[in-house]
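The same subunit A turns up in both complexes below, where it pairs with subunit B and then with subunit C.
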Partner chain A sequence: MDRLRTRWIIFSGLAIVVIVSYLITIKFKTAPSPATLKAYKYLDTLPEKSVVIFSFDHEASSLPEIQPIALAMLRHAFKNDLKIVGLSLFAEGTAIGYDLLSKTAREYDRQYGSDYIFLGFKPQYISAILGMGESIKRVFPEDYLGNMTDTMPIMLGIDSYDNIEMVVSIADGDRTVQWVEYAGARYNQKVMAGLTAAMITSYDPYLSSEQLYAVVGGLRGAAEYENLLDKRGGGSRGMLAQSAAHLYILALVIVGNIIYFRNRRRGGGG
Partner chain B sequence: MDIGILVAGILTLAVFSFLYKDNPVYKAAESWLIGLSVGYALVIFWQTTIIDLLLVPLFSEGRLILIIPFLLGLMMFSRFSKKTSWLSRIPIALMIGAGAGVAIPAMLYARTLKQMSASVMPIIENGSLNIEAPVVALGVISTLAYFYFSREHKGVMGSTARLGTYFLMIFFGATFGYTVMSRMSTFIGRVDFLLTDFLHLIK
Partner chain C sequence: MRTKIPLVVCLAFGVIMFAQYFSNHTIARAVYNNILEWWQIIFAFTLFVGVAAFIKNNLKSISRGKKDTPYKIVSLIGLALMPLLAIIGGTRIGSPFLWSFENMLAPMQATVFSLLAFFVASASFRGFRARTVSATILLLTALIVLIGRIPLAEMISESLPKTTFWIQSYPSMAARRAILIGIGLGSMTTALRVILGIERTYLRGE
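The block that comes next holds the complex of A and B.
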């Protein structure tokens, strides 16, 4: 019963800390990390009508963290009048990807088929990534809505990675690695990523070896990107809550250690 | 209120109820999530793989070459019988062979050769000491020493391996920290949804 009560107190405390700090409307400025700044600058300096692939390679469960990153980067791309080719190499990311793309396109009054397209999901991601190096229209003969891709205006000048400036993989797992290993290494395609925070350390070797162009990582990365874009979103809104939650966890770690060492000194073990 | 938001809000609260203790409401939400995820993935795979890549090209467009992968696919089901299970080895062998052929060169290049070249950095850069270079070299060598089991970890080898464990601990610590941050972000994302879309407490 004691353990249950302790757990209940800890979780309730965290909920209170997060909810209260969420209700406080302080604008939290976050200095951009070099990786986020690099991603922003690249999309910002691309000429109008350049083509960027957004690949939604994630599960629904990571949406709370992925959505602010995806929205910030999509808003930036649409704002700068870039053409977007959306797709998914993860079944669960398909409907989410289409939804995020359509929602952002509406904000900037962009037209489906001429300013952006969603190609949908393709199984066997390795053969899909490799196949797109030869012909995107052959890998995706139809888009998500069932239109023939070779009849869509946006696809008229696009056939392979030769016509793509950047692949942005929005991921919560290792799908970005496959983009790096197959599109990057074989076709010299530039790849950047929007990742959940848990994945950042796994991708550091690819970032430092310059195989991955840039990374926008976690809610913090989303907040940094939103600040650069000067458009407040889910990332900026959550930063105060995240900082407060981290301080709360730090306090718990300190209190837990004090209790542990006190009990050990009394001879009671852990 | 939109029915989707209402259902999502109720299910979010149902999942959070587990933080108090395991209960039937949480179990129901958990089962819904698993059922919907599996059902959704099954429909997507059925449409994009079986229908789009096999049945339509084979029967509507008459691409008879697809009979070969169709038969290879059927052979996978031979595992259900002891007498015919040997047949499944043929498609498995093909898959492993093709997979390894495609993956090994790419992985060797991206995960080994490129990482090796990135680990070698100039110690003096633009006339000043690049502190990152010796730290990276020390980290790579000592961590590899830790995973080298053909020689007993004693003397210099033991000290180097021990140093490697510190580098590993730093990596695990950073990963753990980021994972905590990730889980907090997920929680904050749901709180954002509950307070803005579900309860309309903030705009």
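The block that comes next holds the complex of A and C.
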């Protein structure tokens, strides 16, 4: 019963901390990390009409964290009049990617088929990534809406990675690794990523060796990108809640250790 | 014969996929493109197998009248409903399919995933103890990274984010690299063993 009560207090405490933090508006000045700055500068300096692939390689569960990153990068791309080819190597990413791409395109009055396209989902991501190096239209003969890709204006002149400036993989797992290992290593395709915070360290070796061009990581990465873009979004709004939750966990660790040492001194163990 | 044919197929495709990497010949490219297409088609069929297995297992549980029967029924309804909505109403913006995805599936999955934060909070209180020297080092490192990743860290001290960056860039990355190199070597060895027919566990260990 005591154990249950402790858990109930801890859970309620976290819920209160996060909810209250979301109700308060404090603007944090987050200095951009080198990786976020590199991603921003790359998209910012691309010539108009350059083609960028946005691959939504994530599940719906990570949406609250990953969507602000995708949204900030898509807004930047549409703002700079880049052409976007959307796709997904995760079945669940399909609806998410199409929805997000369409809604963001509307903000900037971009037209489906000429300014952006969503190719949908392909099973077996390795063969899809490798296949696109040979012919994107062969891997995706139809787009998400059932149109023949070779009849879409945006796809005229696009057939393989040779015509793609950058692949942006929005991922909550290791799908970006496959983009690096297959599109990057075999076809010299530049790849950058928008990742959940938990995945950042897994990608550090690729980032350091420049196999991965840049990373926008976690809610903080989204907030940094939004600051650079000067458009507040989910990342900036979530910063206070995330900071508060981190401090709450820090406090729990400290209190837990105080109790542990007090009990040990009394001879009761942990 | 039952084992020899799969072994020969495996060897042939392993060798072809290895050799084509080094060739830009038209035939090599055509073979490569065809194999990539076959690969996708075969994988698409595995999705059908997955769905069939899911339906079979759930129906079996329902017929046995176990305690979790209502959940199994909801699962099967969900499985049937989403494709039906997509077929009837399409998948465009404003379609019932996309509405269900956005307002039912996504929030439910995000809710389950967010429970992780509560368990992390509980575990940090119960399990994260400075019992030994190595546990203390791990604990302190985790605390530094925990604070260093929030914007507040820059207000507390400029060296906090720098220390976090150093931990991620050196000790953490060194360990990651070692793991990745190990995985790479292991993958190569396993691939070679499978191609040469030494590793046969995919044939039920025969």
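Basically, the second predicted complex is superposed on the first by the 270 of 270 C-alpha atoms of A that agree within 3 Å, B and C clash if a C-alpha of one lies under 4 Å from a C-alpha of the other, contacts with A are read in each partner's own complex, and residues count from 1 in each chain.
Following the convention adopted for this analysis, a contact is a pair of C-beta atoms (placed from the backbone, for glycine too) under 8 Å apart; a residue touches a chain by one contact, two chains touch by 3 or more.
All figures in this text were calculated on a predicted structure; none of them were measured in a lab.
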| item | value |
| --- | --- |
| Partner chain(s) touched by A:131 [first = subunit B, second = subunit C, both, neither] | second |
| Subunit B versus subunit C as contact partner of A:234, first or second or both or neither | first |
| Partner chain(s) touched by A:19 [first = subunit B, second = subunit C, both, neither] | first |
| Which of subunit B and subunit C A:50 touches, first, second, both or neither | neither |
| First (subunit B), second (subunit C), both or neither touched by A:205 | both |
| First (subunit B), second (subunit C), both or neither touched by A:147 | neither |
| First, second, both or neither for A:98, with subunit B first and subunit C second | second |
| Partner chain(s) touched by A:123 [first = subunit B, second = subunit C, both, neither] | both |
| Partner chain(s) touched by A:185 [first = subunit B, second = subunit C, both, neither] | first |
| Contact residues of subunit A, present in both the subunit B and the subunit C interface | 7, 11, 14-15, 18, 59-64, 92, 95, 122-123, 126, 130, 186, 197, 200-202, 205, 208, 218, 220, 242, 245-246, 249 |
| Contacting residues of subunit B [partner subunit A, same complex] | 19-21, 37, 40-41, 44-45, 48-49, 52-53, 99, 102-103, 106-107, 109-111, 114-115, 117-118, 171, 174-175, 178-193, 195, 201-202 |
| Subunit C-facing residues of subunit A, complex | 6-7, 10-11, 13-15, 18, 28-31, 59-64, 92, 95-96, 98-99, 102-103, 122-124, 126-128, 130-131, 134-135, 138-139, 144-145, 186, 197, 200-202, 204-205, 208, 218, 220, 223, 239, 242-243, 245-250, 252-253, 255-257, 260-261, 270 |
| Of all residues in subunit C, those that touch subunit A in their complex | 21, 29, 32-33, 36-37, 39-40, 42-44, 47, 91-93, 97-98, 101-102, 105-106, 109-110, 112-114, 117-118, 120-122, 124-126, 128-131, 139, 142-143, 146-147, 149-152, 154, 168-169, 172-173, 176-177, 180 |
| Subunit B partner contacts - residues on subunit A that touch it in the complex | 4, 7-8, 11, 14-15, 18-19, 22-23, 25, 59-65, 67-68, 91-92, 94-95, 120-123, 126, 130, 142, 177, 180-182, 184-186, 196-202, 205-206, 208-211, 217-220, 234, 237-238, 241-242, 245-246, 249 |
